[in-house]
Amino acid sequence: MKNGKKIRNYHKKTGLPPGTLVYTGVHDYPVSFDGYFYNKESVDRIQADHPDKIKSDREESKNLWLNVNGLNNPELIALLGKRYNLHPLILEDVLNIDTMPKVDSYDDLLFISLKMLNWNSNSQSLESEQISMLLGAKTLITFQEKKGDIFDTVREAIKHDKSKIREKSIDYLAYALMDKVVDNYFFILNALEDLIEDAELDLIDAGNSITPRHLLHLKKQLMLLRRYIYPLRDELRKLPQEESPLIEPKTYKYISDVYDHLQNIIQNLESFRDSVSNLMELYNNNISNKLNSIMKTLTVVGAIFIPLTFIAGIYGMNFDHMPELHLPWAYPSLLIIMLLVSIGMIIYMKSRKWF
Amino acid sequence: MKNGKKIRNYHKKTGLPPGTLVYTGVHDYPVSFDGYFYNKESVDRIQADHPDKIKSDREESKNLWLNVNGLNNPELIALLGKRYNLHPLILEDVLNIDTMPKVDSYDDLLFISLKMLNWNSNSQSLESEQISMLLGAKTLITFQEKKGDIFDTVREAIKHDKSKIREKSIDYLAYALMDKVVDNYFFILNALEDLIEDAELDLIDAGNSITPRHLLHLKKQLMLLRRYIYPLRDELRKLPQEESPLIEPKTYKYISDVYDHLQNIIQNLESFRDSVSNLMELYNNNISNKLNSIMKTLTVVGAIFIPLTFIAGIYGMNFDHMPELHLPWAYPSLLIIMLLVSIGMIIYMKSRKWF
Amino acid sequence: MKNGKKIRNYHKKTGLPPGTLVYTGVHDYPVSFDGYFYNKESVDRIQADHPDKIKSDREESKNLWLNVNGLNNPELIALLGKRYNLHPLILEDVLNIDTMPKVDSYDDLLFISLKMLNWNSNSQSLESEQISMLLGAKTLITFQEKKGDIFDTVREAIKHDKSKIREKSIDYLAYALMDKVVDNYFFILNALEDLIEDAELDLIDAGNSITPRHLLHLKKQLMLLRRYIYPLRDELRKLPQEESPLIEPKTYKYISDVYDHLQNIIQNLESFRDSVSNLMELYNNNISNKLNSIMKTLTVVGAIFIPLTFIAGIYGMNFDHMPELHLPWAYPSLLIIMLLVSIGMIIYMKSRKWF
Amino acid sequence: MKNGKKIRNYHKKTGLPPGTLVYTGVHDYPVSFDGYFYNKESVDRIQADHPDKIKSDREESKNLWLNVNGLNNPELIALLGKRYNLHPLILEDVLNIDTMPKVDSYDDLLFISLKMLNWNSNSQSLESEQISMLLGAKTLITFQEKKGDIFDTVREAIKHDKSKIREKSIDYLAYALMDKVVDNYFFILNALEDLIEDAELDLIDAGNSITPRHLLHLKKQLMLLRRYIYPLRDELRKLPQEESPLIEPKTYKYISDVYDHLQNIIQNLESFRDSVSNLMELYNNNISNKLNSIMKTLTVVGAIFIPLTFIAGIYGMNFDHMPELHLPWAYPSLLIIMLLVSIGMIIYMKSRKWF
Amino acid sequence: MKNGKKIRNYHKKTGLPPGTLVYTGVHDYPVSFDGYFYNKESVDRIQADHPDKIKSDREESKNLWLNVNGLNNPELIALLGKRYNLHPLILEDVLNIDTMPKVDSYDDLLFISLKMLNWNSNSQSLESEQISMLLGAKTLITFQEKKGDIFDTVREAIKHDKSKIREKSIDYLAYALMDKVVDNYFFILNALEDLIEDAELDLIDAGNSITPRHLLHLKKQLMLLRRYIYPLRDELRKLPQEESPLIEPKTYKYISDVYDHLQNIIQNLESFRDSVSNLMELYNNNISNKLNSIMKTLTVVGAIFIPLTFIAGIYGMNFDHMPELHLPWAYPSLLIIMLLVSIGMIIYMKSRKWF
């Protein structure tokens, strides 16, 4: 149970005073920083392996997107926090991979935590990576547990003049990144749907390959997925009401598009859940049918041959006075009677629609 | 699983920048435009196969209803969008058949997305087509995935002078079209109800034709139906609160009539859902009863003949000293004893109400 | 499935323009009108078979209660509607028996639709008739699908001077009629409760007369009842908030009394639902117990006689060299051994608490 | 079903005009009145068997608590109502034992209806008695269906100078009485808990004394309890919001204490409900295990002896040419082979962990 | 059932006037007092075994944290209450261990009641201890049922100059203590998760060690945990809305961190609940599979040997005229036929995928 590991990791922290920075994840990826100063006219690339090496001279009109890859060095993250004036509790949430997806609105900062999800097709299970976004005025700092390629299309877009991202304010960039993460969820849905369809086909054929263990495993993946997606949807729904100054009104149209995607995913998840329940029911029906079929076989054999064996037993008795035994046509007659008894039994069973 | 296809089609889009227009449906129907300029006094028919060919000279007092058949050419749709000044995100929703039924209220536009549903009696399953409506001031643009006859009665009405549609404002036309789509849902209910009743009759007779697979299939259709109808109902309930300037106050009375229809459909759906659950339970009861009946047969046969066979076995033994074997009345007496034993068994079983 | 019929009847209407009046019920009762002009001082009876024949001269101080029996002539209803200035959408709801119980508040009219319920003791099922009330200023028009005696006690009261109804305003009359309809629901509860109790007694005795079909039928009746009663309760709860000018503040006390009755009925319905679920569980337990008892019988018989038959079989073999066969005490000893084996088996089974 | 009786009694009323006073309970206790005029300084006892005999001269500073024992004489209650100016609808609720627990706030009166509960240890079931409280300015009238001792501790307190009740306003007295009634519910919880624990112990031992009937009975008691306690809790939660002038602000602290007790009871009830469901599951598991154990026995016996019987049958055949029959060591060898076959079977079954 | 004991202990109180102080727990730990006067500059330790011995001379700028260990002497608690002016109802809640976790806000006091939880690994069950906190202006009084080490890290922190606790106001201390208690809940989660995982492994292997009793026990622990954690979460969510003057605005950020922890725990609890339900299902599947496997064995044996035994029985009959008996090749031929029949049976059963 993957989830189990997290709870345990959480306890790296128990006993420490609140606010102590500890990375609770499993990725051992070194911390590095890359990003862009950009505005409509031009772009400057940033690359550094230490917060102090990040260029600090910024044209006033330029936005800063700083992406942090790797979280396994809390000291560096703390230094970054000092440089950009980030509250320790927020950094704690960034480093603690148990943080539930959420959007916290502060005076001069919007903190967005969400999960990047991947489908591991070997273990047939979900893998999650935590993505944090800190949206300030003209500044967006994003954190990933390890370097990934999910934001590459956004990076491409930012390098092109006249791209929408370059023209719009920094909150649009935050939207674009969130959109990438959420779009990726559809791949998970596809993987899960394939698994469910395969299971359904197998169970409809009353095959032997799908067992309750498989269905249980599927249920767990759906449960995990729910835990990552529901809170995010709820947080996005409440976002417009908070009227954060960091988000321009016209960006809400885009955010509500992400919300619609999440809503759509959740609807699919709900129907997957129903499907898995239905499959469990189908499995149980298969089991019942199999038992019926087994018992039917035993009963058919028993009901035909047990009475016949009794009849044979009668004439196997050694009484001195059994006149039938001496009649020449007795044996063939008895065989015919036995045949008729069996036929009668079979007709009775047919009439009960047993086969 | 039809639903599955949609999720996959969705991914035609993944990787593209947001706002790119892609039709995610399966209908390969060429795009064409037809419609009417109309007011109380007169009607002008519009027909075109390219947005630029649509007549643009409009008398100020006239309403425009423009219907778009076929969505498989995003370029043409984009051109239309430019001409009528439609936001790309809306057109994306028009072309993406995963869009959930919804009503989005913008400053100068009301966007209504809903599903036209048909019952495919071959595959015994639901087929959906997306209908989008863009209601502006004096303008209504509707989109269908392929040409259909559902709006024909409205077209007839619009041609007649003194019809209500001609006399009322354009929002009434939108209502009339929505009403047609929703009215059509009742045919689906009828088809489903027939299936459920047939299944119920079969299961009450403990017939063999209905299996869990059928019930599962039925459940899925109901699930799909729910997904298309619930959001629409919820959106219509919230509509009056948004006080859109595009809807005249007295039209709400009509919209609430559509809402009532949807509410009625949903109540029926809920009871269908209960019915299918009950049928599943009935099926399981049938299985249990069949197992009971099979086991009863085996037990009756076994309980009567196994003891008798034992008795016959006794007198089949070859001991030298078995005095009973030599008594002349032993054989008939034994037969009578066997008869009495069987009768006793049968009486016992009758007393347990086994048959 | 009664409910089914309604959905179908609904489609008498599909295809017609909205607002067309069609009666969708099954009662072929001719339309007639009766009622009263009344005030504290005096009463005038009204009786007519055509709207035009209804007396129109009314003293200003008098209230009018007009009751319409029979709905199978939409033309007459339309004429009535014109005379009393009723909106076509409302009349549509009056004639459409699929209308859910509801209270719609218009400027000068309160529309109340509810269901009169009867228990058909032959088919053991619920029958519903639609009652509509249009409450205007000093005017109450009520519609019944066929003539009934439910309002007779109110008619009696109206004829008596000094009756509360005569002294109070017209909204109190509406309350009194509603109260009659709701009071009648308790008879349905009693009928259902008797059925449930009978079923429970039968199932506790593990009788054979109650099958899942009966329970399913019961469930359906409860489901129908829910559909008629829940919406009415909800509408009555919301009524005071609408502050309709047609209802005097002090009448709300009485309406909240009707609400309390409905609440009470619903609480009973909920516990009936639980009861029927419990009965289903009891039925399944009975089935399981029966299977156990059947299998126990087979096992007892088998476990005793199958080994014995084997022993008899041994000494039925025809080997030349079986010394036991020639011992004089072998046969009686074997019989004793067989007896001991059976007793051992029975003791074992007793120890397992099988009987 | 106790509950059933109430629904029926309810119909003593059907057909009567609203507002007619009818006692719908079963207690035939004669109506009597007792109570106290009291203030900080002194107490006067009241005792009467007719409303007109109740002392009416009251010092202005004194509170009046009047307790009515027995409700079977509606005329006397009506007279009391006239004397203290009580609305007929309220008195109807007082006499109608179907009244759900509720708190109704009127201008000059607070009406509290709740249930006094007792556990009948013979029938192992819940018995309820209706308690009504009418709290006016400086006056509290309480109604009980029959004389009981539940309020005796309050009576004692009222007689003592310097008791809190004497010092506080009349709403505190209402609280104290309510507190007594609610405290009594804990006894019911204890009785139910004992039953549940006994059932659990029996089922864990796979005993025979607990059947689904017992569990069903338990469920019903819990259901009844819920119906009496939930509404009361909800009404008490809403009470502070109504800001009744009859309750002093500082009394709310005490009422919220009663609310906390009810909340605590409800939490226990919920866990009882879960427990009974779990017990049902345990019962079903016991049944399944028993079936498994029975079938195992049959299978063990059958699998060992059916093949052996067949082998014996072979050598019981009467063919002329069966050379084995004439070998001297054939019989002992066959016995050994049979032994080996049985041992093999037993090893196989052991390996499947059947015993 | 631990919970049972509590309900009973509750009744130590029934019959007493409200406000009487009784300790309803089981710990017989003598009452003692320890604590600190502290501010940024210095700390004074307090230790006493009687309220009167607690130092009362306090510098105005100093905060007081007073911790009470042991509650078994209500008189001492009452004296403490008098000294610090605490309302008797609050002290009642402190001493009554049935108090549900809650936060009550009074004018000059915030009362927080929560549960310290421990996992007893012998009985594999949850043990709870009640912690109460009374937060006043510059004063925090905490109550524990017995001396524990949970607050030791806080005590350490308070002794160090420059610790956050010393620098911040007293509400931060309350937060720090709550945080310790909640952090401890994660250990319970870990213990439960281990149990669930072990059960899952055993059931997936179809082992025999996990029975419904174990799962029932697990369910009960989860149920208890829910009862302690849900109310606390709900109370903390509502806390900011009450805008207590006793909590500084910037402390809410920390409290919402505790809330997030609780939310996280609850999400885990919910998934544990699902897991236990799934395990129950798995157990039932195992039982069904075992029954199927047992029946299959019996059927295989029966279906092969019962017909063969019949055939052998035929030739064991003693008819005079059975020509087959005298043919020399009859016996070997019959054996071969028997072999073929068995092989046919086995092939049939293989084709049904029975083994």
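The letters A, B, C, D and E name the chains in turn, as written, and every chain counts its residues from 1.
Operating definition for what follows: a contact is a pair of C-beta atoms (placed from the backbone, for glycine too) under 8 Å apart; a residue touches a chain by one contact, two chains touch by 3 or more.
A quick note: this is a predicted structure, and the numbers were derived from the prediction, not measured.
Student: Could you run down the chains that neighbour subunit C and subunit E together?
Tutor: Expected: D.
Student: Between subunit A and subunit D, what distance separates the C-alpha centroids? Give it in angstrom.
Tutor: Inter-chain centre distance comes to 43 Å.
Student: So, what's the distance in Å between the C-alpha centres of subunit C and subunit B?
Tutor: About 27 Å separates the centre of subunit B from that of subunit C.
Student: Residues of subunit C that touch two or more other chains: which are they?
Tutor: Counting only residues that touch two or more other chains, subunit C contributes 288, 291, 295, 298, 302, 306, 309, 313, 316-318, 322.
Student: Record each chain of the ring in the order reached, setting off from subunit A and passing subunit E first.
Tutor: Once subunit A is placed first and subunit E next, the ring gives A, E, D, C, B.
Student: Which residues of subunit B touch subunit C in their complex?
Tutor: Subunit B residues touching subunit C: 153, 157, 164, 176, 179, 183-184, 186-187, 189-190, 193, 197, 200, 204, 253-254, 257, 260, 263-264, 267-268, 271, 274-275, 278, 281-282, 285, 288-289, 291-292, 295-296, 298-299, 302-303, 306-307, 309-310, 313-314, 316-322, 349, 352-354.
Student: Which bits of subunit E are touching subunit D when the two form their complex?
Tutor: The contact residues of subunit E facing subunit D are 1, 3-4, 7-8, 10-11, 14-15, 17-19, 87, 89, 98-100, 102, 208, 212-213, 216, 219-220, 223, 227, 280, 283-284, 287-288, 290-291, 293-295, 297-298, 301-302, 305-306, 308-309, 312-313, 315-318, 322, 324-331, 334-335.
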